[in-house]
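Labels for the chains are A, B, C and D, by order of writing; each one numbers its residues from 1.
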Amino acid sequence: MAKLIFFGRLADITGQTEQVLDLPANIATTADLRAWLDQGHACDGVLLETSIRLAINNDIVHEPADVDNHDEIAFMPPVGGG
Amino acid sequence: MAKLIFFGRLADITGQTEQVLDLPANIATTADLRAWLDQGHACDGVLLETSIRLAINNDIVHEPADVDNHDEIAFMPPVGGG
Amino acid sequence: MIDLTDQPFDPAESLRAFQVQAAGAGAIVSFTGLVRPNNTSSPVTRLYLQAYSPMTERGIEAAAKDASQRWPISHLTITHRIGDMGPGDPIVFVAAASAHRRAAFEAADFLMDYLKTEAIFWKKETGPDHATWIEPRLEDYRDSARWTQKEHP
Amino acid sequence: MIDLTDQPFDPAESLRAFQVQAAGAGAIVSFTGLVRPNNTSSPVTRLYLQAYSPMTERGIEAAAKDASQRWPISHLTITHRIGDMGPGDPIVFVAAASAHRRAAFEAADFLMDYLKTEAIFWKKETGPDHATWIEPRLEDYRDSARWTQKEHP
């Protein structure tokens, strides 16, 4: 099972903050995953935006990167605190 | 009577922080006063230094300025707090 | 030194504790960020801050280390709230201590730019008629870019 | 807002009071100056600060007004000790509040440069084997000159 996390506005858009599921066999890279989820959640391209960075197992990755069915994959819109 | 005030290191050099006295009739300007006091207190030219600014009645003056026997005259070495 | 907390904190007490730690430094610069009661156009009743641990902490630690290498600072402290806050609540407290006042100013300034534009946080602002996720403004990115455009003298 | 005092004061309490006054500002920058336990070469056991009232207060008030005109700051506070102090004692506390964090940083920085090089104070440092009147260093004058060389953007 993979764990997906949607931060910031992406939780509002996908309707969930976390999702634990088996990735279909044809989802091998972050590009596959973005396209599949964007369509599945009817996000209208939001999950494809380059300003959304992906972290795999708590590290931001250069894309496309391989994804594995045991990964924790976070979708991160532009960050900023303070 | 005039009141003279010596700030910072000038109090150590003149041996006093304040001095109240009648100015001699021939002391008409700050230049006269500096020269007279420097000699009187054996300051070896310290009171003539341009880095020492003079304030008359709590305002820093452009020199030479007139001095009066009722003035409060302060000798101010370079300042700095904090 | 670095604290991410979902509990309210008191910047005055943070400064007090820091001053004890940093005794001997001479110069302490602190920054306190508070929830503003309104944005440019409407009241704000609630601010929610989300982090992604331990990535958020790791990033802040790296920025603190970077600051310590750029400037001769003896002590640093960073406290950052997460979770739900109301107007006037402290969001962030950063303090830097040094024998040199400019080093303390620049290190605190640098860390705040990091926290505003690079630290891993997401912020949602809620008011009577809006609920908006806030991303850094152009001005924030510009402030942050100051530290890469010029080398520290 | 401006306080010259011969009594010890507590910067943490100053920040607490300022934060109440400045509620709604969003950004608060503070500077705390403490008596250092040594100078470059020897221990310091005592620091004595002398002012010339009301000239000293008038000068600080003018600098505060200048800062308020240069930057959009909502609140300012300046506390400066005079008289006898020991190592670790607070000498000065400056805080600036603004809706804009850069304005708060710059105003506090500017005021500290004023206090270091232009404010009407004389400082005597005493140690086991020295008693020296301290005048601003070249570095202090250079820091202070930054504000006249460039116009604020």
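The rule is simple: a contact is a pair of C-beta atoms (placed from the backbone, for glycine too) under 8 Å apart; a residue touches a chain by one contact, two chains touch by 3 or more.
The structure displayed is predicted, hence computed values, not measured ones.
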Overlap of the chain B and chain C neighbour lists contains D
Whole-Å distance, C-alpha centre of chain C to that of chain D, is 23
Chain A and chain B have mean C-alpha positions lying a whole-number Å distance apart equal to 76
Between chain A and chain D, the Cα-mean centres are separated in Å by 50
Between the Cα centroids of chain A and chain C the separation in whole angstrom comes to 27
Among all residues of chain D, those touching at least two other chains are 33, 101, 112, 116
In chain B, the residues touching two or more other chains are 82
Full set of chain pairs in contact is A-C, B-D, C-D
Seen from chain A, its contact residues with chain C in the complex are 5, 7-9, 12, 55, 58-60, 74, 76-82
Chain C contacts chain D in the complex at 10-13, 15-16, 19, 23-37, 87-88, 99, 101-102, 104-105, 108-109, 112, 116, 143
Listed in rising order, chain C residues that touch chain A in their complex are 33, 49-52, 54-55, 80, 91-92, 112, 115-124, 133-136, 140
